[in-house]
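In the two assemblies presented below, subunit A is common to both, partnered first by subunit B and then by subunit C.
Take a look at the complex of A and B:
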């Protein structure tokens, strides 16, 4: 039971890593990124290729995360520009279409070019025991990575000027402009950072189980559910929603099997949205 | 006194509809100038155009001798033109202190000195420093909006309807604090529907009607003008 709970929390943290990028990009740019899972896959596959070429696992993972960031930067500075030139619902719709198209292209290219590549990171010690409970080393490492990433993100948002600027744009873009803040420049930075977080999510997936080229849409879907349940402008909510849905996912998988798990997950999401339509911590960033 | 900002025959439109038509006005250093007029006269549109939030269809804006129109609104702030809209546009889930600090984004190095100044002008904000902006009363939010604008050390402050939605007591308090800022040499362009307050506070005023300037002159002269008294002050 405790082992399932730990697995659920780890899965949840990994989903949150992905979902927080969706939250940030939507909050700052007004674009709901349907290619976010593909950022993770690009990062993961880049790491896998480095591993295959004989690179040190840490270096390979760092290159994968940076690769995802560069991919995000390129997408922001090229494909998303027409969306940023629009406003309101037009931007949202155009952003959805552009990122959906991008996800198809990335999926197609990766399937064609790297169909047999997947990222699996094996640790020297597969498991260890704490108070009589067997814990997978990969779960513990993945949880630590995700928690450190979130702690750094929260500290960055709370304590640095750039973090405050980001929160200000999420809360009120017009108000930020009146303070002399150029939202476009900050947006590029955030898309890059979010893509790197997705890349980290991809690496964590490779650590936890395995990351294949076909997983982009699945990761995007889960991350979107988490972001919506958490409230698409709330980072605290995203973290809480990820952990909640991760735990539901782990218990459902164990007790009722994979087929019903997705239904239970979606039902939990729908129930949460019914109770808290604007997200778990709708009013907080 | 040198001219800080000048609009020359500017026209601003939403689609095909011109809202501001051929408006020319100027504000000199250290002056407080009011733009008064009824709802829908084009005051907010005029201010948004000066602040770079709306494009001009015609005319130009000159700031400290150089052409100024065409800049984005965040670059306008860097030049020293700071707009405080009637909607306030605060960051509701950030503390009063964080809101003020972000006001100093364009001159962040001097934020401590500016903060001391602003909290001196609005001591009530000092008492509420740690409180979320969204939980402040309307009057306190207005003080915060003006305080945030002051943090940028503006060459000119554009104040749009600072008395909107405020209780009479807060309106008087707000104008008392604005008078103090004036005394320290701040240049202010004010749009206001509370005409007695606006005319008592400013040196000169422009009366805007249907997007064009209908009258202009010294505020104290306008306050005694029979037409102004009849149309805007409800005097027979």
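Take a look at the complex of A and C:
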């Protein structure tokens, strides 16, 4: 029981790592990124290639995360420009279709070029015991990484001036612009940051089990579910939803099987949109 | 003026029917190319239906494959498990798709969901459908799929007969589209596409017309999906997956031109030719679809019809 609970929490944290990027990019750029899982896969495969070339695992992971960041930067500065140029409903639609197209480009290329490569990181000690419960060290490390990443993100958003700027844009882009903030530059920063967090999510996936080229869509859909349930504009909500759905996922997979679990999660997302569009944990709808 | 415009559309329908009817003669009896041509008709049909939903009333349904699949599975499973006649179950499948589409539309209009949330809800439905089919192994055989067979001599069995049967279905779709657009509903659709708010203020029942567009489109999608199930000889979740249907339909419609009569047909021809060109690339074709989609969305949003209209200065329907 406890083991399942821990598994669920860790998995939830990993999902939140991915979902928070979708939340940030949507809140700030008005683009629903349907290629977010692909960012994670790009990072993970970059790390796997470095590992294969004989690099130190830590260095390889760092390169993977940076690689995802660079990829995000490129996408923001090239592909998403036409979306940013339009406003309102047009931008949403354009962003959605462009990132959907991008996800196919990345899937197609990676499946073709690196079909046999997957990222698996093995730790020196596979498991240890705490108070009579066997804990996989991979889970512990993954949880620590995710929590540190979230702590840093929250500190950045709450305590620094740049963080305040970012929150102001999420609240009101026009108002922020009137205060002399350049949303374009902040947007690039956020897309890069989100892509790096997705890359981190990919590396954590490699730590947890393994990350292959075909997993992009799966990661995107999980992250999307979490982001939707948490509210696509709320970062705290995303974190809470991630942990909650992670736990639900772990218990449901154990008791009712994988397909039904996924259907439960998807139905949760659908009903959230229909009943509380601002997210399950939003203070007001 | 008015009679003249309908004349142009009738002429277009006739030309489309005649040209597509002549296609098999140009293929020289090759079974392989005949199959590709038939598939082209199927995708044209999906695109005509999707055009009503997305092109005219701006409801981004990312579940064309799932709607087609629902109709197909309802029909095929009833035939296999209850040994009913396909002639009875195909309409049931169509009804299922129409109700599903209508419900999605009604709920999203009522909840005031923006285009992006309609996209997410229907995308989620696509994934639910996929997992449901995989999970209900007893009924659907999971990933392995179900073998199907045609509906008697010449009807939906591989061969020239089926090409004309499916061409007939496509022409029915086009005629329904044409009738819908020249009716009161067509005027309402145009008003909604231009400005939903203004349409509502002008006294148009936006909810009703959006639901009408969604359920009519979904019914056509269901019809084609169910018919394809018998023609293809085999159904599994991949046949109706997002990658196999939705992307192709989106690209086809964007290529040809949204909100036009001829757009889905021209787009279908172009897409089929392109698909043949990239076939030697094997798995890379997914990449090509993706690139095509991005390029089309960014630079070519009004499609081929708009370009042709500008070049020839003729009002192409």
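Operating definition for what follows: the second predicted complex is superposed on the first by the 270 of 285 C-alpha atoms of A that agree within 3 Å, B and C clash if a C-alpha of one lies under 4 Å from a C-alpha of the other, contacts with A are read in each partner's own complex, and residues count from 1 in each chain.
As a convention for this text, a contact is a pair of C-beta atoms (placed from the backbone, for glycine too) under 8 Å apart; a residue touches a chain by one contact, two chains touch by 3 or more.
Keep in mind it's a predicted model, so treat the numbers as computed, not measured.
When the two complexes are overlaid on subunit A, subunit B and subunit C sit side by side with no clash.
In the superposition on chain A, no contact is made by A:126 with either subunit B or subunit C. With the two structures brought together on chain A, the opening angle seen from the C-alpha centre of subunit A toward subunit B and subunit C is 90°, to the nearest 10. Counting the residues of subunit A touched by each of subunit B and subunit C gives the higher count for C. When the two complexes are laid on top of each other via chain A, the two nearest Cα atoms from subunit B and subunit C are 15 angstrom apart. Contact residues of subunit C toward subunit A in the complex are 60, 107, 111, 113-117, 119-121, 123-125, 127-128, 131-132, 134-135, 243, 247, 250, 282-294, 297-298. Subunit A meets subunit B in the complex at residues 161, 164-165, 167-168, 171-172, 174-183, 283-285. Against subunit A, the residues of subunit B that register as touching in their complex are 51, 53, 72-75, 77-78, 82-85, 89-94, 98, 101-103, 105-106, 108, 148-149, 152. Within the complex formed with subunit C, the subunit A residues making contact are 32, 79, 82, 89, 92-94, 96-98, 100-109, 111-112, 115, 221, 224-225, 228, 257, 259-260, 262-263, 266-267, 269-270, 273-274, 277.
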